[in-house]
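Here come two complexes built around chain A, the first alongside chain B, the second alongside chain C.
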Partner chain A sequence: MLEWLLEPLAFDFMQRGLLAAALVGVVCAVVGCYIVLRGMAFLGDALAHAILPGVALGYLASGGQRGAMFWWALAAAVASSLGIGALSRDGRLKQDTAIGIVFAGMFALGVALISTARSYAVDLSHFLFGNILGLTTQDLWLTFGVGLAVLLTVFVFYKEFLVLAFDPMLAATLRLPARFLETLLSLLTAVAIVVSLQTVGVALVVAMLVTPAATAMLLTRSLPRMMLLAALIAAASGALGLYISFYFNVASGAAIVLTCTAVFALVWLWRQARRPVKG
Partner chain B sequence: MKSVFNQHSHPSDQPAVALTGLAVSYNGEPALESISLQIPPGLRVAVVGPNGAGKSTLFKALAGLLRPAAGKVRIHGHAPAQHLCLAYVPQASQVDWNFPVSLRDVVLMGRSGQLGLLRWPAAADQRLVDESLARVQLSRLAKRQIGQLSGGQRQRMFIARALAQGADLLLLDEPLAGLDLPSQEQILKILDELRGQHITVLFATHDLQLASEHFDRILLLNRRLVAYGTPGEVLTAEHLTAAYGGHMQAIDTDQGRLLLGDSGGHAGHEGEPPHA
Partner chain C sequence: MFLSKKMYFGVVLVAGLLLAACAGAPVGPSGGLNVVATTGIVADVVAQVGGEHIHVTVLIPAGADPHAFEPAPQDAAALAGADLVFANGFGLEETLQALLDAQGNKVVYVSDGVEPLAADDHHHHGEEHHDDHDHEGEDHHDDHEHEGEDHHDDHEHEGGEDHHDDHDGPDPHAWMNPQNVKVWVANITAALSAADPANAADYQANAAAYEAELDALDHWAAEELGPIPADQRILVSDHGTLAYFAQRYGFEVVGALVPGVSTLSEPSAGELAALESLIREHGLRAIFVGETANPALAQRVAADTGIELVLLYTEALSEPGGPAANYLEMMRYNVNAIVEALQ
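And then the complex of A and B:
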C-alpha cells in the first residue's frame, strides 16, 4: 500500500500534479458552494466554455506561452460574464437565455479560431481536457497565488455573499451593493475556472465547481462546514483521481472528475438508504 | 431594551409612509395606479384585496425594490433607498428552506446592512441578535437548521431578523398563510408587543375578519386604493363590492352580515362595525 502511494511521488511531474489537483479542488469547491446554493451551475459551465476563444487567441498571440494564455482566458471569461449580465439586466431576456447565447457564440468562436491554426490543435486539446502532468513549477505558483486570492476574497465578502445567495430581497433592502457582489461572484467563478483549465480542462471544469459542493451539501447543514467538507472532498478526489490516472493510464482530468462523481454517488446512496432525513 | 432596538431617530412630524400618486407597472402592464395615502408612525395596517390586487407590488415599491412608473414613495420623509429601517418579510414560498443556515444565522443577516462591507459582527451585534430571538421566543431553537422549523417559527424568525436589523417599518407579506391557529395567535401577540416601540406594521392578508379585529387601519386595494381608514370605515358593502366585484357573497349570520371574498372562505363583517 505504502509503495503504491510513494511510487508516483518519485516523479516531479506527479508531485506538481498532485499539488495542483488539490489546490484547484479547494478553490473550485469553495466558490462552487455559492454556485450550488444559487443554482448557477449552468453559468459555471457556460463560462468554462466561453473562455475557449481567449485560450485560442492567447495561444496564437503568444505562441503557446502558458502565463499569457492564462490572462487571455481570464479576459474572455470576464467579457462573457459581463456580456451575460448586460443582456439579461433589463429583464427582457431571461438569464439562462442570455447565457445560452453568449456561451454558444463564444465557444463557436473558439472552435473557429482553433480550426484556422491546425498545427496547434493537439496542444489546445490540453485545454479542453486538461494536462495536469504538463504543469511547470511556475504554473504551480501562479495557481497557488491566484487560488489564494480567490479564497481570501470569499472570506472577506462571506456575509454579503451569504445574504445575496439566501435572500436577494434582503440584500436589496439592506442596500448591499448587489450588482457589485454579483459581478464579483462571476469574476471569482471565472478565475476558479481558469485555474482549473490545466487540471481538468474546459469541458469538465463544471464538475469541480458543482460536484464536491453538492456532495458536502448532502452531509451538513451549515455553510462554513459545507465549504470545508467540499474543499476536503475535492482535494482528496483530485489526488485519488491522479493516482488512478497514473496506475490505470486513464486521462487525468476524466479520472479526477469520475472520482468526484463516485464520491457524490456513494454519499447520495447512503443518504437515500437512511431516510427519513434527520439533521 | 427599547433603546437597543430603535437606533434610528426620525423627524416625528413625518408620516412613516407617504405615497403620492404611486403607479407601478410590470412590462407596461399597470399593477398599481394612483395610490396616495399617509400612514403615521406606530400604526398597524392590514393590506387586503383580492388576488392580484397588488399587495406584494405595493410592499416591493415601499421597500424600494420596484421603481415606480409614476408618483413618489416617502418613508419617514425620505426616498426608500436612503433607509435601512425598513424590513420586508417575504412569503414563505419564496425562501429556500434547504439552505445550509441556522435560525440564528438568518437573524444575524439582519445586521449586515449596518455593519457594512469588510466588517464582522461584534459582541453588540450578537447581543442584539440574542435579544431579538428572545423577543419572538425562539432562543431555544437558535441553532436549528431553518428547514426543521415549523411555519410559525419561520415567520417569527423573520420578525426577529427585522428587529435585529433595527427596522421600524415592517412589511409582512401574508405572514399567516398556511399557519395553524395557535401559531397565528402567537405572531399577532408578538406584533402587539411591538406596538409600544412605535414600529409601523403593514400586513398583507386575505382574511378580512382578522384585519378588522387586530388592526388599527385597513388598506383595501384592487390595483387602485379602494379605501383606507379604520375597519369600520373601510369594510362597507360599497367598498367591498368595489374591491371584489361580483365575486362577493353576503351571508347573514348571528354575528351580523358576513361577506365572502373571492379567495374562498375568507370573511369579513359588515353591518355593526367591529371595534378596532
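And then the complex of A and C:
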C-alpha cells in the first residue's frame, strides 16, 4: 500500500500534478458551494467556454507563453462575466439567456481565432482538455497565488455571500449591494475556472465547481462545514484521480472528474438508502 | 434591417457562389495540370516530378500539424478544382479523410505500395523491425504496469492495407525513410503521366533525377548516422514519427511522449512515468520532438530527466528559407540534429 502511494511521487511531474490537483480542488470547491446554492452551474460552464478567445489571443500575442495565456484567459472570463451581468441587468433578458448569448459568441470567436492560426491548434487543444502533467513550477506558484486571493476574498465577504445565497429577501432587506456581490461572485467563478484550466481543461471544469460542492451539500446543511467537506472531497478526488491516471492509463483530467463523480454517486446512493421509505 | 427570408437566402447564396468562384479559380499558369497536395512534404516531391508542367497547391500550411488540420471551405474548393489530388494516405490526413473520399478517383495516395509498419509497433517496442541490433529483447524486461494492455502481438506487416478508417492501421510517417519516397515518386510519376501523357517523358526524366538525389540522401544519412555508438541508437520522440527512420538506419524507438502515431491523443500519468523510467533506464541523452508537437510536455520530461530536447522536422516543412524548406533539406536537418545529439 505504501509503495503504491510512494511510487508515483518519484516523478517530479506527479508531485507537481498532485499539488495542482489539490490546490485547484480546494479553490473550485469553496467557490462551487456558492454556485451550487445559488444555482449558477450554467454560468460556470459558460464562463469556462468563454475563456477560449482569451486563450487564443494570448497565444497569438505572446507566442505561446503559458504565463501570458493565463492572464489573457482571465481577461476573457472577466469580460464575459461582466458582459453577462450587463445584459441581464435591466431585467428584459433573463440571466440564462444572456449567458447563452455571451458564451456561444465567445466560444465561436475562440474557434475562429484558432482556425486563423492553424499551426497552434494542437497546443490550444490542451486548454480544452487540460494538461496537468505538463505544469511547470511557475504554473504551480501562479495557481497558488491566485487561488489564495480567491479564498481570501471568499473569507472577507463570507457573510454577505451567505445571506445572498440562502435568503435573497433578507439580503434586500439588509440593503446589501446585491449587484456588486453577484458580480464579485461571478468574477470569483471566472478566476477559479482559469486556475483549473490546466488541470482538467475547459470542457470538464464545471465538474470541479459543482460536483464536490453538491456532494458536500448532501452531507451537511451548514455552509462552513459544506465548504470544508467540499474542499476535502475535491482535493482527495484530485489526488486519487491522478493516481488512477498513473496506474490505469486514463487521461488525467477525465480521471479526476470521474473520481469526483464516483464520490458523489456513492454519497447519493448512501443517502437514498438511509432515507425512510415513503408510503 | 429586416430581410425577408427569401432575400436572406439570396444574399447567402450569392456570397457563397462568389466565395466558391474565388477559391476555386485556377491560380496556376494556364494549360498545366492543377494539382493539390495535402502536406508540404508531398507537395515538394510532387513538384520535383512535375516540374514546370504542373501547379501545386498545398492544403496544410508549413508548420501545421497534418493530424489536426481543419479544412476550411476554401480547401474544399481547392480540392474540387484540382485535376489531381496527392495525399499521403496511411491515415495521416485524419481530419481531411471525408473530404478526400468525396473527390472520387482523382485522389492519389502516394504511400500506396510502401511496406507499412503497423501503427502500434513502436510505442514501446522496436523488435518487429527486421534488423537485429544488439539490444534485441532488452525492452521485454521492463514490466511497467501498463505494458501489454493493447499489444495483441500481431507481428504481421500486411495488417492494414486500407488506410481509410482503420485506427489500428499503418504508421503514416513513411517519408522518414527516403527509400519509401522513391515509391512516392513512382506513384506520382504514374499519375501525372496518365493525366498528362504529352509530358510523360519529362515526368520520367524528373523522377529519375530526383530518385538519384534520394539515393544520395539515403547513402549520406547512413554514413553520417553510422558512427553513433550502439548503446545510443535509441530514439524517443513526441509521437510515433520515427519508426521508418529507425528501421532504415538501425535505431530502436523505445517510446513516445504521446501514445500512438497521431498527435491527437494525450498520455496518461502512467504512460508519462513509464517513459521517464525508460529514459533513465537506457541512459538516453535526448528526446526528439517534431515541430508540430506541443512543446510543454516535452520540455517537462526533458527537464525532469535532465536530457536534451532536440527539435526535428518530421511532419511539416519549415517556412521557405527555413532549415527544412524541402524534403531533402528536412531529412538532412534531422540527420544532423540526431548525430549531434547522440554522438
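Following the convention adopted for this analysis, the second predicted complex is superposed on the first by the 276 of 279 C-alpha atoms of A that agree within 3 Å, B and C clash if a C-alpha of one lies under 4 Å from a C-alpha of the other, contacts with A are read in each partner's own complex, and residues count from 1 in each chain.
The rule is simple: contacts are C-beta pairs under 8 Å (C-beta built on N, C-alpha and C of every residue); 3 or more make two chains touch, one makes a residue touch a chain.
Not measured: the values here are computed from a predicted model.
With both complexes brought onto chain A, simultaneous placement of chain B and chain C is permitted, the two fitting side by side without a clash. When the two complexes are overlaid on their common chain A, residue A:Ala178 makes contact with neither chain B nor chain C.
In the superposed model, A:Val163 lies in contact with chain B only, and not with chain C. Judged by the touch definition given at the top, the superposed model places A:Val250 against chain C, while chain B stays out of reach.
In the superposition on chain A, no contact is made by A:Leu93 with either chain B or chain C. In the superposition on chain A, contact is made by A:Phe13 with chain C only, not with chain B.
In the superposition on chain A, A:Gly134 makes contact with chain C only, not with chain B.
Here the apex is the CA centre of chain A, and the angle it makes with the centres of chain B and chain C after alignment on chain A is 150°, in steps of 10.
Once you line the two complexes up on chain A, you'll see the smallest CA to CA distance from chain B to chain C is 25 Å.
The contact surfaces that chain B and chain C form on chain A in the two complexes do not overlap at any residue. Of all the residues in chain A, the ones that touch chain C in their complex are 8, 11-14, 17, 64, 66, 115, 118-119, 121-123, 125-126, 129, 131, 133-136, 242-243, 245-252, 255. Those residues of chain B whose C-beta lies close enough to touch chain A in the complex are 27, 63-65, 81, 84, 86-88, 90, 94-96, 99-102, 105-106, 109-110, 112-113, 115, 117-118, 120-121, 144-145, 147-148, 161, 165. If you check the complex, the residues on chain C that touch chain A are 60-65, 67-70, 72, 145-146, 149, 263-264, 266-273, 276, 292-297, 299-301, 304. Against chain B, the residues of chain A that register as touching in their complex are 37, 91, 156-157, 159-160, 162-163, 165-167, 169-170, 172-177, 217, 220-223, 225-226, 279.
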